Amino acid sequence: MKLHEYQAKSLFRQAGIPVPASMLATNAVQVKRIASEIGYPVVLKAQILEQGRGKAGGVRLIQHEHEAEQIANEIFKLEINHQTVQSILIEKAFTFNKEYYLGIFSDLDLGSPVLRLSEAGGATCLEKDSFLNARMAERQIDIDQGLHRYQVRQLLTNGDVDPSLWKQFGSIALKLYDIYRSNDATLAEINSLVVTQQNQLYALDAKINIDSLSLFRHESFLDSIDPTYYGWLEHQARKYGVTYHQFTGELGCIVNGMGLAYLTYDQIISMNSIPAAIIDIHGGSTVSSMTSSLELLFQNDSIRAVLINIYGGMTNCEEIAEGILSVTAKARHKKPIFLRLKGTNDISAIETLSGLKQLQIFDSTHELVKAAVDYLKDS
Amino acid sequence: MSILIDAKSRIMVQGITGRRGRFHSERMLNNNSPLVGGTSPGKGGDWAFNGRIPVFDTVKDCVDATNADVSVLFVPPHATVDCILEAIEAGIKTIISVTGSVPVQDMMQVKSALRKSDSVLIGPNSPGILVPEIANAGIFPDHIVGAGDVALVSRSGTLSYEVLDILNEAGIGVSVAIGIGDDPIIGMDFKFFLELLESDPHTEQIVLVGGPGGESELVAANYIMESITKPVVAYVVGENLKASIMGSVFSRNSNFFLNSVERKTNAFIEAGALLAKNIEDIPCLLRR
Amino acid sequence: MKLHEYQAKSLFRQAGIPVPASMLATNAVQVKRIASEIGYPVVLKAQILEQGRGKAGGVRLIQHEHEAEQIANEIFKLEINHQTVQSILIEKAFTFNKEYYLGIFSDLDLGSPVLRLSEAGGATCLEKDSFLNARMAERQIDIDQGLHRYQVRQLLTNGDVDPSLWKQFGSIALKLYDIYRSNDATLAEINSLVVTQQNQLYALDAKINIDSLSLFRHESFLDSIDPTYYGWLEHQARKYGVTYHQFTGELGCIVNGMGLAYLTYDQIISMNSIPAAIIDIHGGSTVSSMTSSLELLFQNDSIRAVLINIYGGMTNCEEIAEGILSVTAKARHKKPIFLRLKGTNDISAIETLSGLKQLQIFDSTHELVKAAVDYLKDS
Amino acid sequence: MSILIDAKSRIMVQGITGRRGRFHSERMLNNNSPLVGGTSPGKGGDWAFNGRIPVFDTVKDCVDATNADVSVLFVPPHATVDCILEAIEAGIKTIISVTGSVPVQDMMQVKSALRKSDSVLIGPNSPGILVPEIANAGIFPDHIVGAGDVALVSRSGTLSYEVLDILNEAGIGVSVAIGIGDDPIIGMDFKFFLELLESDPHTEQIVLVGGPGGESELVAANYIMESITKPVVAYVVGENLKASIMGSVFSRNSNFFLNSVERKTNAFIEAGALLAKNIEDIPCLLRR
């Protein structure tokens, strides 16, 4: 899960990474008051989790007090990739000479953290070509030994960074790594890290993604999940321990495992349809995760039919059947269900479902998807 | 007979008294897998399944008493790193983590420990290893497929069942079926298993089932080109996913999705593997 | 350096290790007020850094309010091994069924942390024989991989600890290790760790020693150094970067390096004398550390003569000579100095000292010590 | 000629532009030690000592350019672990940390890294290695002793000077003098050096100078009994210290002082070493 810039900067500040003075506001009047406290010029930054907020007008420089409220209101009205702006970070504006990129990310193929340093910071550096063309350097970090200063120095000697900045680079990189480790981040990045006229490094932006698999040990982040970003449904699904993938069609799908999710999606698209949602209840799912997932789909009025594609290994098919029965028992839940249920205890599971009129059972993914897509086309 | 597990293997279960552990251990007993013991901290000295299987506090105790050399983990995600490290230290040769959704940095520590050991880790988020007529070390559905000379290596667990089902329908048996695990970071990758299968006398053909994300399939394709002489049928799910969809909808890690399914299928074709466009095509691509 | 119990318990509390409710007081009236707040019975614990405070009467159980002030005053009057009691910790009294010992210490020979668990907790468990006789277990910890729960479990299976306590033991051990690592401790120990009637583990006592070599990165501990424990002179010496060892004689010594300190001590004792102090200015010492050390000895009225035994490798003898000259230039500093100065740049150093009347120069440690001891016996 | 350093050794200095580093590097140049380069981050490309010695940003750069295989560290205690790890990674064979007072847990990390490498660490808090007529890799006073066939291994730096001085007065030269370091945790212990000296053709007799605390001398005594055929003269300083004094006055770590000086001297006697009761007795115990 992504943290907001203001959350990430708060972690930076605690760790001792220099950041400009800043405060958060949730309305334009607040923005003006805070801006006066901080002192003009200030930068207003929309706190949304999408990339490209700068291009969309979500980052604005304010020179004078009289502009503050109006520009704040403009930002609050923005909708960037379906997200609305709930809060604005007001930050002391900085003049700087040069900008860098410094980041630590989890390389899943290597199975290690990687430190990345680039002499091209700023908004464009994340575009693939410019990133690759810029002078940059990477280094794999041994998770047991951690990051050491000499490793940062070795990256710096490859580039053109002024040696008078090396100690600051080293300190900031080590602190960034501490943040990455102690928060189970998958990404901790400063873009850009700027050099002021006093030759001091400051983190102008801050981006931290937390490994969502680790949230059980970082419960405070769970409180800070932004429902406007994840959407209400994704948010609910998370609570039930399942994963909700939203699309734009009319067929709600429940599968167990990412592989089956991909296969089901592939086949729906091949038949020129599109799912409304795919809920992955994962391996080892229980009656309650099945029940909750089915409720979520049944409550959604734009969903006209439900497809359930389960191949139980860890998952006990009897628990899936039990979940279906408990939801369909409620009078208002009469959407047609297309089911493929195979694997552990499938025979007894299917027996218990035999009386269910709204249910059709199929033997393969292909037959299942075809029947569901045909139903939607014909009705 | 097969790689990693054979008639002499002795399987233990970590977390044998938990809900999942008990359920699948009992299945293993019923399908005659060589289950010899299990652990449940604090319950050492008990016997499970009507006195048939001894329970120990630690993996070390279990190994000392039963000579177990394969361990299957049914423990919660937060305990997985601890249990894998315990199994490594106790000298377990083949560790199978059925548990998935293990935190990324935990797995980084596990990878580091694996590099310093002789243990092999299958998973996390793996259905295990199925060797028909010998052992179902994990959670493969019973009777899903018979014995034969085709080996299956799959990233996804549920897709491996799907493929075994299709093979079984076509009357094809397997020497071994392995789910390598579908977590962000896993122990052993495709290449590791291809190397073992190439020299496995019981395997004549290999089916490889990949998916989007990561570069394990690309490394495997390269290895097939260079070192694998046995016929390989490759299938990569997710052809209709675009990178943009994967990055936002099926989001795990944006870098992880730079290698598209198309790049992977092309790599397998270049490597001389037979590419299954649809999952149902796999049987007819196998040499009969 | 040792932390006080209340400091260690504050670290425990932050880390989530269960400790009884407690507060610190510096006078008897405070003690009574706090005890009423916490609720009787309470335990009063003298905050001193010596072992054996229990036997000396520094730990007292108070059942009723009317005893509180008097007993507190008795504790404040105690002097345990030359230390006076500056503060008392008032702690909720606990009834418990069983006590354990749990500790992590730095094994310098192994070069690793070691986790130690014993089923004999309490005051006597540290006495060597009882410690070795009690059921106990140790395990070396890999500093790179850290401590893991299974390692604690393996120790527990060797003993008789009830399995219902294993999870609590594991959590506390892991938290104790975090404290050990993040504070550069050389010892982090709970003696005793007790089991309440509700089957909960509580740390009744807490002992943490910080590696004094690491204090540059734990500056907050420097503020908390207890001058009553280290003594004013040791405390001053620390600030100058030298180490002060206090004895009971009349000869003040300055040496460079522990080996030379031991040798000088050995020879003084062999000649039936005893030093007043030995200051180790370490290798690579500077003019200022030499100057400060000599000032410390000269200011001490019980010191009648100064012995300086330097063999310079890293240390430049010229800097030693400069230090001696700058201190002896002051009129009030006229104590006789017995000097042996050899090593890097010794010839030119000795030349600069040639005019100094209060100084005698010797060629070997043996001659040096003999002359100084003879002087004290004869004068 | 000697162990660890010989005529082909190429010495570099980490921290060559600092106050101590500059001073002792210049001494090395003047006493004809084979100094080939040094590091000072940010000053790479400079030349020190009138253009005689190149300065690099990193140890790797220095090794690439000069083939240095010995590095002597003159850096502050807080930077020591970083510089040692850098030297290990750059493949330096013999790392000498003159700097002492390195935090205990830093050294634990270093020990762990050393176990995984082929590097040898002398120190911290070591005067280095002196091979008369070849090199003074560290801070031994110049001209303190001449070449000969006695090897000195000492825990304390200043005591090693003391002993070399006494040997020199007695007309005895050394093949090598090594200060193993007097910090709470050091890299290589007495045993490591005894093993090298036993097979060193230039060494006929060995002088070992120990002290209170730790068990390095006990391990060494045992090793002398089992594996050393050359005559060993042992001296352990601190005979008049009682455990109670050491624990409180010379306090480092109370466990560390469980092994008293008396136990150590007895161990050396049992091992067949010649024990020097006083430091001045060492020359007359050496076989002439």
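Side notes on the structure shown:
Note that the chains take the letters A, B, C and D in the order they are written out, and that residue 1 is the start of every chain.
We adopt the following convention: a contact is a pair of C-beta atoms (placed from the backbone, for glycine too) under 8 Å apart; a residue touches a chain by one contact, two chains touch by 3 or more.
From a predicted model like this one, the values you see are computed outputs, not experimental measurements.
In terms of C-beta pairs in contact, the better-connected of the chain pairs A-D and A-B is A-B.
Chain C has its Cα centroid 50 Å from the Cα centroid of chain A. Our note on geometry: chain A versus chain D, Cα centroid distance of 54 Å, whole angstroms. The distance from the centre of chain C to the centre of chain D, with each centre set as the mean of the Cα atoms, comes to 28 Å.
Among all residues of chain D, those that touch two or more other chains are 109, 112. The multi-chain contact residues of chain C, meaning those touching 2 or more other chains, are 144-145. Under the stated contact rule, the graph of chain-to-chain touches falls outside the line, ring, star and complete shapes. Contacting chain pairs in the structure are A-B, A-C, A-D, B-C, C-D. Of all residues in chain C, only 105-109, 111-113, 142-144, 181, 184, 186, 211, 213-214, 216-217, 245-247, 255-263, 265-266, 269-270, 282-284, 311-314, 316, 342-344, 346, 364-366 touch chain D in the complex they form. The touching residues of chain D, when paired with chain C in their complex, are 20, 23-24, 27, 77-78, 98, 100-109, 111-112, 125, 127, 138-142, 144, 154-162, 165-166, 182, 184-185, 209, 211-216, 237-241, 249-250, 252-253, 255-256, 279-280.
Contact residues on chain A toward chain D in their complex (touch as defined above): 145, 148-150, 153-154, 156-157, 163-164, 166.
Contact residues on chain C toward chain A in their complex (touch as defined above): 144-145. Residue ranges of chain D in contact with chain A, taken from their complex: 41-44, 57-61, 79, 81-83, 85-86, 89, 109, 112-113.
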